[in-house]
Amino acid sequence: MKQIASFYSTTVGKKIAMAATGIVLVAYVVGHMLGNLKIFQGPEKLNSYAEFLREVGAPVLGHGEFLWIARIVLLAAVAIHIVASAQLTLQSRAARPVGYRNTPHQEFSYASRTMRWGGVIISLFVVYHILHFTSGTVHGDFIPNDPYHNLVVGFQSWPVALAYIGAVVMLGFHLYHGVWSMTQTLGVNNARIERMRRPAALVLAVAVVIGYVVVPVSILAGWVT
Amino acid sequence: MKVTLHVWRQESSEAEGRFETYAANDVSPDMSFLELLDVVNEGLIESDVEPIAFEHDCREGICGSCGVVIDGSPHGPHEGTATCQLHMRSFADGDELWIEPWRARSFPIKKDLVVDRGALDRIIEAGGYISINTGAAPDANAIPIPKDDVDAALDAATCIGCGACVAVCPNASAMLFTSAKVAHLNMLPQGQPERWSRVARMVEQMEAEGFGNCTNHGACQIACPKEISIDFIAWLNRDYLRAQRKVG
Amino acid sequence: MKLDARIPDGPLTEKWERHRFEMKLVNPANKRKHRVIVVGTGLAGGSAAATMGELGYEVDAFFFHDSSRRAHSIAAQGGINAAKNYQHDGDSVFRLFYDTIKGGDFRSREANVYRLAEVSNEIIDQAVAQGVPFAREYGGLLDNRSFGGAQVSRTFYARGQTGQQLLLGVYQALERQVQAGRVRTHSMHEMLDVIVVDGRARGIVTRNLDNGEIRSWTADAVVLGTGGYSNVFYLSTNAMKCNVTAAWRAHRRGAGFANPCFTQIHPTAIPESDEYQSKLTLMSESLRNDGRIWVPKKKGDQRSPDEIPEAERDYFLERMYPAFGNLVPRDLASRRAKEMCDSGHGVGPTRRGVYLDFTDPIERLGRDAIEERYGNLFQIYERITDENPYRLPMRIYPAPHYTMGGLWVDYNLMSTLPGLHVIGEANFSDHGANRLGASALMQGLADGYFVLPLTIGDYIARHEFGDIPDDHPDVRRTEDEVRDRVAKLVGLDGSRTVDSIHRELGRLLWEKCGMSRNAGGLKEALDRIPELREEFWNNAKVVGSDRDINEGLEKAGRVADFFDLGELMCRDALAREESCGGHLREEHQTPEGEAQRDDERFTHVTVWEYTGPDSEAREHRESLSFTEVAPSQRSYK
């Protein structure tokens, strides 16, 4: 425990914690996206997939228990990710109390510059997203255990779909820098892998954006009803 | 050519700083940026104004003494160039330039454009060496080292300790500096016995000095006059991670 | 002043070993009771401080930079020699010794040079063990190149950054001792005087360049590793802060100054471009391995070099020295280039330059091979001149680079002021009248790692050291003198900047006491320097206070000492009525225009004793004897 604490006490340790939790979150984002795409196979497939998720782990795990375990793990990952990033942000602010008159015009990519605010926007969106599709609190016509219906109805509203698309694009930027950054922080320094890091991060980010955005777009376009 | 300089003037670390404006009217494009400051200073001395304090020495880009931020860029607009190697032909006639010192809590301003970079020495002191007493070395050819490994170590070892990486980093992080020294020594067979304690101790010292963290922007490798790659930061991260298992 | 070189008895090859045995040792438990002050943390000072720390002494290291890593050793590009004979090309300790003696034109001390060659191998071992990334072959073993005209490949190198990498090794060793608590470093401290108590050097007075504080530090012995004085010429390849003040202040306290006129002009620097130029940038001598030096045959030829046909080019070094060609020693290459320019064949906007052409080697070896060898140098050149050396030949011109002269030291590296040891470029010892390429790093590290830490033990073991209280009259008096001097300098309120007067002094010395000298010119300079000094003290101007960073004040102190040194250089050059190495007296040349030594009258080191501000320095001589190598006329035909 003491060792973990001293490891985490350094900025390098905190960054590694962010990278490790980042892996969990990226895996979730990809898995969630693949699940979403089941919408194109029709209501039965999507709904039975949703039901399947509640049954994963049976008979060792009871109904819905896997989902709760997953939620706890994700929540912990998100918490660590956010807390570490907040601590690092404060530390960095303190490291330069007086700024420059001109911001250095050295090349910071848009993605790298928007990590912090992008992260805040994404987390706010996730709260809304859960209230919208998981608990149904802010959903006008929520039917428990019928995700296909909830999805289609939910995205038939223009503003909701647009907010979703905006958040996903933000997520794309976050992933583009984040995935590359993660490999950097975890010290991937094999020459062959190294050249692949930027392109791989780009492919992943673009794939995620397309994979998510295609759902509301299809619903708005009337391809999925 | 003519340029207008807005130079940060600050009497001491405690004093309030401000920009002062100076016109340089007889600038040769072949002058280095520091020679421009020399000329401005000669003019200031002649008119009884205290000259601008700035660090410099070798004027060939190797001692790491010099360095000012020009319009937001440490060592000016060119890549792979220290301030002393920057020539006025890089600017246009009539340019207006804002000259500032390195800005970081760990680099307190001593006067005008001069900052205290002692923090970097203390990071080296914490473990940036191989413990070998004079006279104890085996024959230099006793351990063959692959050429590629030595070349990579030398890429890291070219760091001149100027601090531009800290100056440009939005987080004022010293990761490029620290990682270059860690990688230089940890890549070589001679550096192996102290490899894990070295990285742990140097990172701890870097933290203690109050530098910010690395968010992998990569601005440091662009500002670095020796073009040291942020791949070495990945190196440091991995060695730091592995060191946790090795030293406990 | 008594000059006793204290060269050990016995055959040359056994002297150092015998001496190490005969030296008295300091009990290991007692070493921590002895404090040693080291001034300067370049290769020599830094390595000495680190090694003495390892041995157990209490060391205080002073330097005027913000970090000990910034000393000018860092700028050495080419390499470091050692007699490893890894290339199996017939090298040996004796050959390195022989080459160094011959290269120095028989004006250095055999015993010192032999020891230098002996310890050269240990330096490479030490540096590699510290992690210095010297160039290697594909088989993983160390690579060597031939350098500066040597007939064997004995030079170890790390791209064009050998000095930097060796200095980082030294710096790291020093920081390790700081961490261990054995060395205390004092950054931003400039030494302004030596404290002499009972005839022995017992401390120094420093000025803190950050806050102006002047204070005294006492110890059992003092070591100067404060570098050379090429900046006396104003424009040189030295860093801006290089100066003679520490050595000069020691000279005034009793340390004899040896051969001050032995200065080296390096042939391959980038020519001056305009009057604002603050320093000259060296291009490594290794360029001469492949590059060919030429000037247009026609005087004042204004054509672009690529328009001058082969038949109208004069490859003058190849013409004059068929055997060595472009690889003749530095002094010859420099002098011939200057002669070409003086006779109207110079090139470039100032007509002070000759071409160094890579067209042939690029055709022969390919651009890639040349880029691999010299890429970073070509880059430096292009950055400074805005010309592409792959397309057009480089322009080069000689520049002051190194000073063989310095404080006189005996075999133990102790000056004529007991307790004051001098190492590296600051002493005079090993290079005679001309230094070979890649030998400066070797000497600095030999002195600092392997010689001084042992010989200083002998000095310490043979003397008693009482404590010196802070209010000791000699300490107080020295400190007061420094205060008075600083007050005088900060009070300078004339109308000229220090730089402008320094520039004038530099130009004078470059013309009259530079690459070639004659009695008339030297006498002229001796008349003019006192006038310049007068001008300085009456008309120079220092702005700002002595309580914080004030570079103008620092510079003023250094330039003030350059006047006195410049005068001594001229006096020394005038007294040495012969030509040798870098010292060419126009009156003494062979019919072919080569340096003509006068071994009958001048096989000696000239050592100057300071006799006071208003009287001339007194000349002493240490005669040199050559038992192993018979002096011969250098010939590079």
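Order of writing sets the labels: A, B and C. Residues in every chain begin at 1.
Rule of thumb we're sticking to: a contact is a pair of C-beta atoms (placed from the backbone, for glycine too) under 8 Å apart; a residue touches a chain by one contact, two chains touch by 3 or more.
Treat the numbers as computed from the prediction; the structure is a model and nothing was measured.
Interchain contacts link the chains end to end along an open line, per the touch definition above. Taking the mean of each chain's C-alpha atoms, the chain whose centre lies closest to the overall C-alpha mean is B.
Remark: chain A and chain B have CA centroids separated by 37 Å (rounded to whole angstrom).
Averaging Cα coordinates per chain places chain B and chain C 27 Å apart.
Each chain gets a centre from the mean of its Cα atoms; for chain A and chain C, those two points are 62 Å apart. For chain B, the set of residues that touch two or more other chains is empty.
Multi-chain contact residues of chain A (touching two or more other chains) are absent. Those residues of chain B that touch chain C in the shared complex are 11-12, 28, 30-32, 34-35, 38-39, 41-42, 44-46, 48-51, 53, 55-65, 81, 85, 87, 89, 110-112, 114, 116-118, 120-121, 124-141, 144-147, 150-151, 153-154, 157-158, 160-161, 184-185, 188, 190-191. Here chain C touches chain B in the complex through residues 47, 50-51, 54, 65-70, 72, 74-75, 84, 86, 122, 124-131, 133-142, 158-159, 161, 164-165, 168, 171-173, 175-176, 178-179, 187, 210, 239-241, 273-274, 276-279, 281-282, 380, 383-384, 386, 449-450, 453, 495, 497, 499-500, 541, 543-544, 548-552, going by the rule given at the top. By the touch criterion given at the top, residues 19, 69, 71-74, 98, 100, 103-106, 168, 170-173, 175, 203-204, 207, 210-219, 222-223, 230-231, 233-241, 244, 248 of chain B touch chain A in their complex. Residues of chain A touching chain B in their complex: 3, 7, 9-16, 88, 91-92, 94-109, 112-113, 115, 177, 180-181, 183-189, 194.
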